[in-house]
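In what comes next, chain A is part of two complexes: it sits with chain B in the first one and with chain C in the second one.
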Partner chain A sequence: MTKKKAQARFVAACLAPALILVTLFIVIPTVQVFRYSLYQKSSFVGDETFIGFKNFQTLFNDSIFLESIQNQILIIVVITMFTIVLAIFFATLLTREEFKGKNLFRVIFYIPNILNIVIIAGIFSAIYAPSNGLLNTLLSSIGLDSLTRQWMGDPEIIIFSIIGALVWQAIGYYMVMYMASMTSIPENLYEAASLEGAGKFKQFFMITLPCIWDNIRQTLTFFVISTINLSFLFVQVNTNGQFGTQVMLNYMYSKAFSGNLGYGMAIGVITFILAFSMAGALNRVTKRDPLQF
Partner chain B sequence: MKKMKSLSPHSWYKIFIYFVMIVFAITIVVPIAWVFLASLKTQLELNAANPWAWPEVLQWGNYVKAFEKARMGDYLINTVIVVAMALVILLVVALPCSYVLARFKFKGKKFMNLLFMAGLFINMNYIVLPIYMNLFNIDNMLGMTNFLVDNKLILAIVYASTSLPFTVYLLSGYFQSLPKAYEEAALIDGCGFFKTMTKIMIPMARPSIITVILFQFLAYWNEYMVAFTLLETDHATLSVGLRNLMQAQRSAADYGTMYAGLVIAMVPTLILYIIVQKKLTQGMSLGGLKD
Partner chain C sequence: MKKLMRAGAVALAMATFVTGCSSGGSGDTAESEVPTNEDGQRILAFDAFVGGNGEEFLEEAAAKFEEANEDVDVQIRWSKDIDQEMQKDNASGKYADLVYYNLGQASNYTESMLNSGKVMDISDVMDEVADEIDTSITQPTAEYFGDGKSYLAPIMYTPAGLYYNKAELSEEELPTTWDEMFALGDKVHSEDANKYLFTYPIRGYFDNTVLGMLYQAGGEEYFQNALKYGEGTWDSDEGKLILETIAKLVGPEYLEKDTVANANVDGGFTVNQQSMIDGKALFMPNGSWIVGEMAETTPEGFSWGVMPLPAFEEGGERVVTTMTETVWIPAEAANADDAKEFIKFLYSEEAAEIFASHNIVSPRTGSADLLADEQLKGLFDVYNMDGVKAVSGTYAAYDATAVPDVDFKGTIYGPIEEIASGKEGVTVETWQESLTELWTTLRENPLSAE
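Moving on, here comes the complex of A and B:
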């Protein structure tokens, strides 16, 4: 056996298992999602009829689906805004300021990210409980009775209660990401700026923000993708889409398990397209010339 | 009053920093600590108007109930088994693939790279339904019920497969950064390809292997949707068992057991996190990606 042949065999043997698993459990299922979105298929077994784009036509007259798109976009936009601002704020303080206990704060802020979404749902049902919940009793005890709410019962605010829980969960993760890129900014930039009399705010907008811009852009894609997933999981565990909290993947899931698999897959396809176009649009809008230093 | 005035703007700024830091830290620590406290209360105490009161007698019985009646003990074991199998499968499959992609030239390399890149964008939540459907149909064809569905090994394989793209991306990046001299020397010394990989290259990739294990351990341990879809309640993992417990306790009004269950599911990840927090947050800059 020549050396070349031996190498070819080795390469094939190393790649084959991964290729097979990815094909079976990622490629084929993904193709199936797109394929069955064009079919009338009621259950997991048995008959299927090709119906073209009929599922999609029905979708855009389905008020629950339209509600779930609205909720989804609202959730993505609000979570991204609040999380980015707070994560950058905390990251800036933890990298640019000197104070005691920095490490401890960093460790604590990241904790929500390692918790399971079911645990987060459990914690927040204790926080949001109407009569003896942590949030309402805290508000009453400091004399802010007027601010107490039915956090998970009032349809006006329930979606924002869900957003609050997901922002709480996300801040630490993005904070650590931004901290990593902030620490790579050369210190002499700040020294020069402060010699010229630039204050902390000015330094932040003239140095920190431009230097981590590429990192922020990269995280925008993560925000879109992970918010779609996490809002699905949180809603699935907590309200299961009731009280006007339906989100796209949860609607896909409930349709697929209630005798309308093809329709559910069509919802999956739209979610996919929404995620890609939002990520693409954000990427475009935020494009700046890269900063050299 | 005089003292107040003597505080410089700088000290006010410091106070402000501490204030916001502590407020956010409190919103994280207090609810989690409260869950620990609530897990030791009676139902009567949990129904009381003041949720902040200390329990009169610590109700360790809630944990006994959670372990035995609510079967959190079984779910814990199931979770450990699935996570361990998934990690082993993932590393056994991902390491050779990443090494070859990083180091060898061959036909179809571009295609493989593209395939894994595309895989990065596919999340489990989209494809869990067709996966379930295929397993279910194969079971039907074989004339068996719950052979592939409701199978811990299959769940572990699904976990490993769906995290392959990210893992291969991370590991092959690391292999590329290793100096070529070592393996060239080994090959010249007559060491075969396989031996060079297992004896020399894989040990050198240890730091990134540890990162993979940490991240995927947490991801698998916390995974909920796929386990919920593929496993029957009897063989559930912790997060699925916890969800069922939450659903059941709400109607049975036995919140103490539910909070005990939350603690049981939370403690292993918290302990692991405290031990490895430095590695974990460092690893994020290595290949930041979220599921």
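Moving on, here comes the complex of A and C:
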């Protein structure tokens, strides 16, 4: 009994620092966000008036907020689609195929991920520049003048230009994650498959994909969370939400720190719920029995 | 398990206690004594925004002030993100004694502080210096609430007109009416398809153009009415004239073709400014800081000039908007007395000379003559042009917390680039409607008296 007691005390002592930190820096701020969203409050120090769900009522009649949700979902869906396909494709190439400079490519793909978002913004302002930008110059030089566009100046395509930059940024990270789980697939599975006459495609769909399925599921949650965060940073640095490019966290930031903290926190609450439910839904619909090997 | 839960409860209680402590310390600072440094000098804590004007002009002024006031130590904290630093401080009840941060910034920090009654009334200071400064420049900004009391101290000003290259356009060639302006645009664009009439750095630079046009379109009364969100501002002939003129100006024939795309990327405003310098566009709205800001990439032979807005009709009034930058004292400042003395000093002859040596013009009468740079001095000559009216004003305060979904700048300036890029469904009419709606909302939500 005393031993058990001592053990419990030890466990409690070990957990306490983490528990205190989590409470202090995660639980309390999150609760505060939910609380502030019910108040009319200009800043952290301003007076507060309880107004119930009025902030949320206003939000759902706020055309910019609705636009920001729309953009946010579009960005998450398109980025996830493109990044997942490209990352798995490159990961397969780099793990399953033999060619010169494999390691170099691995590094090159990963570089965008370690770059600061401000640098990425700088790179893409050079790529998308209308008259002397890399993209338009490349298109003209290969005779595709008709495809040149005002990438950041056309309301119809600016959101896709932003998505393009974020996909470029994300591929390397996810590629490395998929490569890690692909290398752990036993080689004999592939050998057996090829003896049975399965081609590369069949091997990919029958072995590689099922074996890394759990890994893909985990990354789906990352996609939702990191896309929400990175699109905020990228949009803030470039358009700052103007020109129909508003995203949820940027709108939250612009409201919360310009004298409407309560309203901003209400946006934060919706973002929180959206991120959670999207991640949850993705997790649910992708549930399969894990493949053991 | 019980133990664990108890440990959790203790952790929670401790955390609440710690956070409780951190937000509790405000309120009693105003009563406390002025803090002093090790040498016993009273500290004047000055939070300043680092912008295009650099730091030297205020550092030197502070040093001069300290010379004359030996018992004061001016401690300037410079930051590009000074608003964020101050917000953090404010959250724990800490306030500077003096702040250099302008109206109209993205964070709306100065406006929020004003609107929540956290800016000190400095009417006594402004009254004292009134005889020495050009109050037509300072007053519209200083008296933010329009109640005759001064809250902000504009310490510098600049003509925010249309900037052009004097080497390219002689004074005789400058258009005096909008018709002449557009005719000039047609002429240059037909001669060279890559040359346009106009560009702008980013859409926010239209603020002074819109203010000037409001004055031009309807005169003083209409202008004042518009600043107070009066009825008939936008759903009137005057309002429509303004919006139509801007829409035409940013049409495909007149706006430099890459302007919008550049305006929407990080640092793109300098690309647009450069394209004007490179002669791809004749005019752009800006301020006199442009001379220093773009000095490195301005070729020899280029000569900055500024033109008042063209008139709407032949012989009509020409207007140049004056833009000011301000300092203010937080209501909870511990050392407001020295801060007030320092503001008075900033309006002195001595400070004006220091400012001028850094190409900055104080609103003190005659300060523009102190500029050594002839090009820059020439820019301030715009105020001496015949028939030119200097206009200055700020939009009235409104209760921003009551209408959190209002996007003031987005509603006024957003449609400009949407019209410029030909966005479907955005026209002068929709712009006019949304502005009328915005003005009604703001009129109905005035700032209640503190």
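Assume the second predicted complex is superposed on the first by the 268 of 293 C-alpha atoms of A that agree within 3 Å, B and C clash if a C-alpha of one lies under 4 Å from a C-alpha of the other, contacts with A are read in each partner's own complex, and residues count from 1 in each chain.
As a working rule, a contact is a pair of C-beta atoms (placed from the backbone, for glycine too) under 8 Å apart; a residue touches a chain by one contact, two chains touch by 3 or more.
These numbers come from a predicted model, not from an experiment.
Novice: In the superposition on chain A, see if there is space for chain B and chain C together, and answer fit or clash.
Specialist: Result for chain B and chain C: clash.
Novice: Based on the superposed arrangement, let me know which partner A:Gln242 touches: chain B (first), chain C (second), both, or neither?
Specialist: Touch partner of A:Gln242: chain C, not chain B.
Novice: Contacts for A:Ala281 in the overlay, against chain B (first) and chain C (second): which applies, first, second, both or neither?
Specialist: Once the two structures are laid over each other on A, A:Ala281 reaches no partner at all.
Novice: Where does A:Val85 make contact in the superposed view: on chain B (first), on chain C (second), on both, or on neither?
Specialist: In the superposition, A:Val85 touches no partner, neither chain B nor chain C.
Novice: Considering only the touch criterion stated at the top, classify A:Leu134 as touching first (chain B), second (chain C), both, or neither.
Specialist: In the superposition, A:Leu134 contacts chain B only.
Novice: Now for A:Asn116: first (chain B), second (chain C), both, or neither, which partner does it touch?
Specialist: The first partner, chain B, only.
Novice: Looking at the overlay, does A:Leu24 come into contact with chain B only (first), chain C only (second), both, or neither?
Specialist: Both partners.
Novice: Applying the document's definition of touch, where does A:Met265 land relative to chain B and chain C: first, second, both, or neither?
Specialist: first
Novice: Should A:Leu144 be classified as contacting the first partner (chain B), the second (chain C), both, or neither?
Specialist: neither
Novice: For A:Leu233, decide between first (touching chain B), second (touching chain C), both and neither.
Specialist: It touches chain B, and chain C stays clear.
Novice: Which of the two, chain B or chain C, is in touch with more residues of chain A?
Specialist: B
Novice: Tell me which region of chain C runs into chain B after superposition, given the options 91-99, 163-171 or 343-351.
Specialist: Clashing stretch: 91-99.
Novice: Does any part of chain A touch chain B in one structure and chain C in the other, and if so which residues?
Specialist: Residues 8, 11, 13, 15, 19, 24, 27-28, 44-45, 118, 121-122, 125, 129, 131, 237, which sit in both footprints.
Novice: Can you name the residues of chain C that touch chain A in the complex?
Specialist: 3-4, 6-8, 10-12, 14-16, 18-19, 26, 84, 87, 90-91, 93, 106-109, 111-112, 115-116, 203, 257-268, 271, 400-402, 404-405, 407, 410, 414, 417-418, 421, 423-424
Novice: Sort out for me which residues of chain A touch chain B in the complex.
Specialist: My answer: residues 6-8, 10-11, 13-15, 17-19, 21-22, 24-30, 32-33, 36, 44-45, 89-90, 93, 97, 99, 101, 105-112, 114-119, 121-123, 125-127, 129, 131-134, 137, 168, 171, 173, 176-177, 180-181, 218-219, 222, 225-226, 229, 232-233, 236-237, 249, 252-253, 256, 261, 264-265, 268, 271-272, 276.
Novice: Provide the residue numbers of chain A that touch chain C in the complex, in ascending order.
Specialist: 8-9, 11-13, 15-16, 19-20, 23-24, 27-28, 40-47, 55, 58-59, 61-62, 64-65, 118, 121-122, 124-125, 128-131, 150-155, 158, 237-240, 242-245, 254-255, 257-260, 262-263
Novice: Show me the residue ranges of chain B that touch chain A in the complex, using the header's touch definition.
Specialist: 14, 17-18, 20-21, 24-25, 27-32, 34-35, 38, 47-52, 92-94, 96-97, 99-101, 104, 106, 112, 115-116, 119, 121-123, 125-127, 129-134, 136-137, 140, 157-158, 160-162, 164-165, 168, 192-194, 197, 218, 221-222, 224-225, 238-239, 242-243, 246, 258-259, 262, 265-266, 269-270, 273-274, 277, 280-281, 284-285, 288-291
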